[in-house]
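What follows is a set of structures for review.
The following pair of complexes shares a single chain, chain A, combined with chain B in the former and chain C in the latter.
Coming up: the complex of A and B.
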């Protein structure tokens, strides 16, 4: 069953239109990877879904509920969490306090926090440490853990493995796989092809603010030309 | 219920106990000074709620102090309202003023917020001067001595007596401290800190940041007004100086010196600054130069204020 449906999404930065009718659909327990060159509109799509950039057209539904036009603060409460590019933590607050803010969003209980910490055990030893003093990898894990604490039905991840060491990348990928198994729908913006091929179920290719193609992961694996055509990469 | 910050709770309890004991060792004059410090500390704690915990720098907090001063003082002076009722009226007036002002000024942020709060405060100040036939203007009004006592639950309180004033001020200071402890060290405290650090990120987590800032603003304004009402009724005087720009700056200085975003910082800042000015003004007429130099020194060596620096370097629970 469709968890989140995005239909004909349009968005502008000032007078410049950057999204031209983006349509996506995500089922529960599915990982949809959004790929495209820089400036294709991937991050803008996530921001428009979250309401931090108000869409100028289109419709967003979550389990049939229309979220279009809701204030940005209402979207996480409805069940969509976002891990933006660059982590965006509260660096003066401790790890525990960052996680607690995630729990407060929808009133999730501490069992959710425990589940998040099971995915990123290194954070257990850092609970009293200020988020700003964590390593880059730990900050990425905390950003994901905080989003998980929201108890989302849909999780939007914007390049969660950017700049991470291989061991941290593996932890993040394992966490995504676990979320999928738990029935969370994941919309993943990712540049690392191997990560996409490992955790993705489908790949939507974006170009100039439009979805140009949408393929099951098996087809992307079988046809390296798709990645070359839309992303300029070869596997 | 488990306390959010047991070490800070213990420290607060110890401070209150020490303040209670202080009246038995201090001279009459110093008890009076300590009373003034406690009342102004409530004002600074209110200011700290907004500036220290939520990150909004207001230049107009004298407006709320004045709302408390005038609502309590004028109702006692003209209508002969009993002191408890006048006090409640003062607190209610500052609540109303801060709610209405907050709904308007919280549309702005950063420098614009500072300017708008300053403008509102100047309007309040000029209003007290314009209607001087009622407010007494610069000259002010002195509340009649006979109207400065009351009986509460069988206890006769005489606000012309130093010990009564001190213990009443201490009781209200303690209540304020307890209320702010509950507000800042619990779940909501994290929200204030999150807004202070980045309102956009807080909103992205699903929180209405306008509402959070409004709560902080109203709590801050109401505490400032409570301090004003108390000051007017305790010392029996109301005047335009209580609405002046200098008072807003004092609240800022008390908070900066003690440590913004620390629960006990405003008390320490108010104490240090008040005693310093009192002592220095007896030694030299150029005391403000010395105070200024000390402020620069604090800014250089303890940029987060006295307790704020201690928190950052040694005691992270001191918040």
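Coming up: the complex of A and C.
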């Protein structure tokens, strides 16, 4: 079974250190939610794992393979896909072209694209449409479908439901549940408590670039004080 | 005075100029669009193409068409290899820093120009056209080679368009142009894309140099004017916009031809400069560019 291990991850923006030894462990078929206030280092953690922000310390392994220090383009080829904050679609390209870039990453076949489109059927009618002309919900679905086309063993999701209508939120959550059932390990940065409680298996709370606590979802449900303490939210 | 022959001649000359300009400016625009590099050395790749055509003409015996055909393939490939090496040796090492690339391509300009002076000499050298058939019109004869220039330029631009729109390489280039970081998230080796784009941009300029040399001779200083005109085209068309670059090259090439025939080449140069000034004042993103958000 897939296992991603992050140990003592450190990262900087210029001279400012923003991650101070972040450690996480994630198994296939598990959804680990990363929660914390703005500026806690959640997005930076994902970017550091992807190599688009070069870590200054620590170690990242996937099924025992050391990914630390690999060029950013090698990380997705190893099986880690990323849906970044704000979706970052190639908005001048069509939906089909965006998905093709996902398929190219690890040489996945069109069956993978079909599976992704089964999760987001609305995209089937939009294949020739430019991504920038899709609605917000459709863009989020495309960002997820594009990442699924990579054929990932680990999927990093950075607030995939931000700013979406409830119907689109439900579609995205259903897709996450399906990925978990298919054995994909999901690291989910999420601000919506109800989403975390619905799809998460564990919650890691971040504060000032450090993991402060890591609890099974049942404990988070049972102790609302955890959310209040680390995120300032009530259930 | 019957205007028709003058108008036809002006349009033909304008089309020839627009064709060469289109190739050179497309190379510059492609490099800026994908890499965000203002390549001040771009005109030198044009010059190297022309010098390469002369070398091929000297080295290959027989009818001029053979040497020219070889030059049309070999010179752009050789210049592309030089550009690829320059990217890896210089631009990649400075991380494609915008200011640093301007300074380093100025340095590259002098290295290439002075190398050509040392190896090729200070004299302008003629290359015979591959064929010298004259097309007759009711008013004047016109070199069929000049129309060949237009045809080859259109074919090369069409090929570039097809590569960008219909191939995996083109998709990768467009994705990299749009968002370098996200492109890496899909396994795209951005550094390799940049090397390829820099080489393709140089090859387009070199092809322009090969095509133009039977008309205006090869010379080690011939890269300056194409560079300046390419900047004019790229600014008017919109930085990084390939359709804009094509449209602006046609606009400036034709206006240059018309003004040169009916008035003077100096007025044509003034008009181009004025057009750039007007575009920068009233539409700084260029005719086809997008305004910054």
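Just so we're on the same page, the second predicted complex is superposed on the first by the 233 of 235 C-alpha atoms of A that agree within 3 Å, B and C clash if a C-alpha of one lies under 4 Å from a C-alpha of the other, contacts with A are read in each partner's own complex, and residues count from 1 in each chain.
Keep in mind that, in the parts below, a residue touches a chain if its C-beta (ideal position, glycine included) is under 8 Å from a C-beta of that chain, and two chains touch if they have at least 3 such contacts.
It should be emphasised that the depicted structure is a prediction, and the values quoted were computed from it without experimental measurement.
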In the superposed model on chain A, is it clash or fit for chain B and chain C? clash
Check whether A:109 is in contact with chain B, with chain C, with both or with neither, and answer first, second, both or neither. neither
Which of the two partners, first being chain B and second being chain C, lies in contact with A:52: first, second, both, or neither? both
First, second, both or neither for A:100, with chain B first and chain C second: both
Looking at the overlay, what does A:90 touch: chain B (first), chain C (second), both, or neither? both
Just chain B (first), just chain C (second), both, or neither: which does A:150 touch? both
Overlap of chain C and chain B interfaces on chain A (superposed complexes): 50, 52, 71-77, 82, 84, 88, 90-93, 97, 100-102, 104-106, 146, 150
Residues of chain A that touch chain C when the two form their complex: 50-52, 71-77, 81-82, 84, 88, 90-93, 97, 100-102, 104-106, 146, 150
Chain A-facing residues of chain C, complex: 168, 171-172, 174-175, 178-179, 181-190
For a test of understanding, state which residues of chain B touch chain A in their complex under the given definition. 187, 190-191, 193-194, 197-198, 200-209, 316
Using the touch definition from the top, list the residues of chain A that touch chain B in their complex. 50, 52, 71-77, 82, 84, 88-93, 97, 100-102, 104-106, 128, 146, 150
